[in-house]
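Two complexes, one shared chain (chain A), two partners (chain B, chain C).
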Partner chain A sequence: MEEYAREPCPWRIVDDCGGAFTMGAIGGGIFQAIKGFRNSPVGVNHRLRGSLTAIKTRAPQLGGSFAVWGGLFSMIDCSMVRMRGKEDPWNSITSGALTGAILAARNGPVAMVGSAAMGGILLALIEGAGILLTRFASTQFANGPQFSDDPSQLPPAPSPSPFGDYRQYQ
Partner chain B sequence: MEGGSNSKGTGLGGLFGTGGVGYSNADLAGVPLTGMSPLSPYLNLDPRYLVQDTDEFILPTGANKTRGRFELAFFTIGGCCMTGAAFGALNGLRLGLKETHNMAWSKPRNVQILNMVTRQGALWANTLGSLALLYSAFGVIIEKTRGAEDDLNTIAAGTLTGMLYKSTGGVRGIARGGIAGLTLTGLYALYNNWEHMKDSIAGQSL
Partner chain C sequence: MLPASLARAGQRGEWVRAALGRRLLAPHGWALLQTGPGPGPCCRLGLRWRHQIHCKEPALLLQAARRSIRTQAGGLRAEKPSGDTSKHVSMQRAEKGEAVLSAAQRVKDAGRDFTYFIVVLVGIGVTGGLFYVIFKELFSSSSPSKIYGDALEKCRSHPEIIGVFGESIKGYGEATRRGRRQLVSHIEYVKDGLKHMRLKFYIEGSESGKRGTVHVEVKENPERGGFEVRYIFVDVDTYPRRTIIIEDNR
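== the complex of A and B ==
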């Protein structure tokens, strides 16, 4: 995957929905394969058949749940981009929390609060990891001296560069 | 140019009306020209480069001309999922109304219809979404292994998807699924290339 840029806003909803469905279906497929294999009667044939049945019935369902989550999240995200006029991590965190709250709406207010906290914390972790990754990558590619100089070839007192330190720290 | 006294020069150069002149290789100072009679001794370029009917873009290094299947896969899956949800909800509304048409307007009836709508919507969305997932996965695999991207990939991916989706139904099921996938993707490929094909058929009949 080379430089995967996100789609512009209305289409992002479809894109996120599909990505979430893929994640859920593939992850659920692997999980259900193992679970179906273990829960079947003895015999390789039976086990493989049970595994296949479990995948066929449960993996699309899990994918669908993920897709609902992704689509709703992206819809709220896009609405917030439109309303606030900017895209930042707070958008994602808020929409994660709101999505959790909305999807738990039928289980009562306590469940809504818990689900919203889960969603917000999850998205905050993801966004934080993204920011940290960007920082780490930018320090990797700092514009400092690229090769260490041979100490025997250096002048006795290396004078500091007249242009100051090139490296950028964020 | 000379009234076509010599009809030997055919081929692509003949398109430009240079048929009869036939400059020799010595006139062109020994510059070899590929498969054509030249326009003039002073203009030794291949007339193929004068035809401009394709888009010419300058692309950054490493960029592809169009997006590949992988970049479009998530969009395809999401689009299928959402379409399935919409049509499934409509179907659920229809079924729910039909099933409860002799009940009075009441809360149980509304709840029943709503249940039908959500259940059918989820069912259709899951089915179409997993079909699209299989199709995209096959498409990406075929594209990467072949290293080319055309309508053959579409048709092959559709056929394989149909076969895999019906693979638990025995040989007959596999055949039926494969034929269904082949038909649908074949129609899609025809629709996609309709303008191009119409032009080429018209060009042949002229």
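== the complex of A and C ==
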């Protein structure tokens, strides 16, 4: 059905980095626009200019730190995929915790542990949300067509179960 | 300035009255009262307070002087909202909040607290639900990702799979738009009162360009609980197509 054109892994790092930067920049832009608007002197002109200044100074910073997080996370995730040879939710939870730990490394071991716990919990929540989403999507799909209760169309003969019965189509 | 202070003085009529009593005893108040009877000061005061029109009658003089004092006191108080006056005001407000406005205010506070409580409760519920889902997925032996892991181990140790795909088999599930492939597509159904689950995931090895689709079906074991494998087979998706049966317990 779908074509897996290429291995996602090394390229996903760039992808995640850019996506995280965009997310941080847009979210930070909205946040800083409101904050700058409220913290400026009275007058629409001042307020607009204040919010623009706040966006210009702060939003790229936030985007940058998001990008660092996303890039490091994705790098660790890809390394774990490579090492374990398996893609499952453990990868992203572990790499979230590791990312948190590495980025807090200059604040000492206690901060590292706390940050790692935060990262792991956050990624676990995100994974849980993803699992829930796919489950809802698939339950809607599963109730529709009652699929055949025969095992599967191609391979095994029904009852005798001959091992090694593989056919080679030229 | 003065009407505003008057209005405020009117609002805080109680303490103005209380302050007036003290003011009247104070030397300044006495001086004002004493200068009151003359037409000049009265008219000056009347000019300052524009609403006061009758300052000619001597019987009203005292009253007028008193009123002017009151307004002056109110104005002074309003102009200097520092020191003990602010304490007075805040104290009175606190008193009011407890005593006078209590019915409406209490309902409002209770409503707000209840809303916050509901919001917090919903947040805790959502977080707990997500944690439940992820922990069940990660640790339960009947979760799709656990079955996927076991089936992948069986694939890895099967000699025919290694022969076709090469060493270092890796498995992954359905790819999402963001390049995450860690969720395995699965379907659960009930047949003959027993829960069944079918999974599908993909494997690749060191042989480049070879990809296989692994089909797994597990069946609930009523005696021991948990799932046991019904069959595992691998379809080789690339050109020399074939099917490798790894396990068939039907």
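Note that the second predicted complex is superposed on the first by the 135 of 170 C-alpha atoms of A that agree within 3 Å, B and C clash if a C-alpha of one lies under 4 Å from a C-alpha of the other, contacts with A are read in each partner's own complex, and residues count from 1 in each chain.
As a convention for this text, contacts are C-beta pairs under 8 Å (C-beta built on N, C-alpha and C of every residue); 3 or more make two chains touch, one makes a residue touch a chain.
What you are looking at is a predicted structure, and each value in this text was computed from that prediction instead of being measured.
Colleague: A:E87 contacts which: chain B (first), chain C (second), both, neither?
Modeller: second
Colleague: Who does A:P60 touch here: chain B (first), chain C (second), both, or neither?
Modeller: first
Colleague: Applying the document's definition of touch, where does A:W11 land relative to chain B and chain C: first, second, both, or neither?
Modeller: A:W11 contacts both chain B and chain C.
Colleague: Applying the document's definition of touching, compare chain B and chain C: which contacts more of chain A?
Modeller: For chain A, the partner with the higher number of touched residues is C.
Colleague: Once chain A of both complexes is superposed, is A:G128 in touch with chain B (first), chain C (second), both, or neither?
Modeller: second
Colleague: Residues on chain A in contact with chain B in one complex and with chain C in the other?
Modeller: 2, 4, 11, 15-16, 19
Colleague: Looking at the complex, which residues from chain C come into contact with chain A?
Modeller: 127, 129-134, 137-138, 145, 148-149, 152, 160, 168-173, 175, 178-183, 185-189, 191, 202, 211, 215, 217, 230-231, 233, 235, 240-245, 248-250
Colleague: Spell out the part of chain A that touches chain C in their complex, as residue ranges.
Modeller: Going through chain A, the ones touching chain C are 2, 4, 8-9, 11-12, 15-16, 19, 81, 85-92, 124-125, 127-132, 134, 138, 142, 147, 149, 151-152, 154-156, 158-159, 161, 163-170.
Colleague: Which residues of chain A touch chain B in their complex?
Modeller: For this pair, the touching residues of chain A are 1-2, 4, 7, 11, 13-19, 21-22, 25-26, 52, 56, 59-61, 63-64, 67, 70-71.
Colleague: Tell me, which parts of chain B touch chain A in their complex?
Modeller: Checking each residue of chain B against chain A gives 62, 70-71, 73-82, 122, 125-127, 129-130, 132-133, 168.
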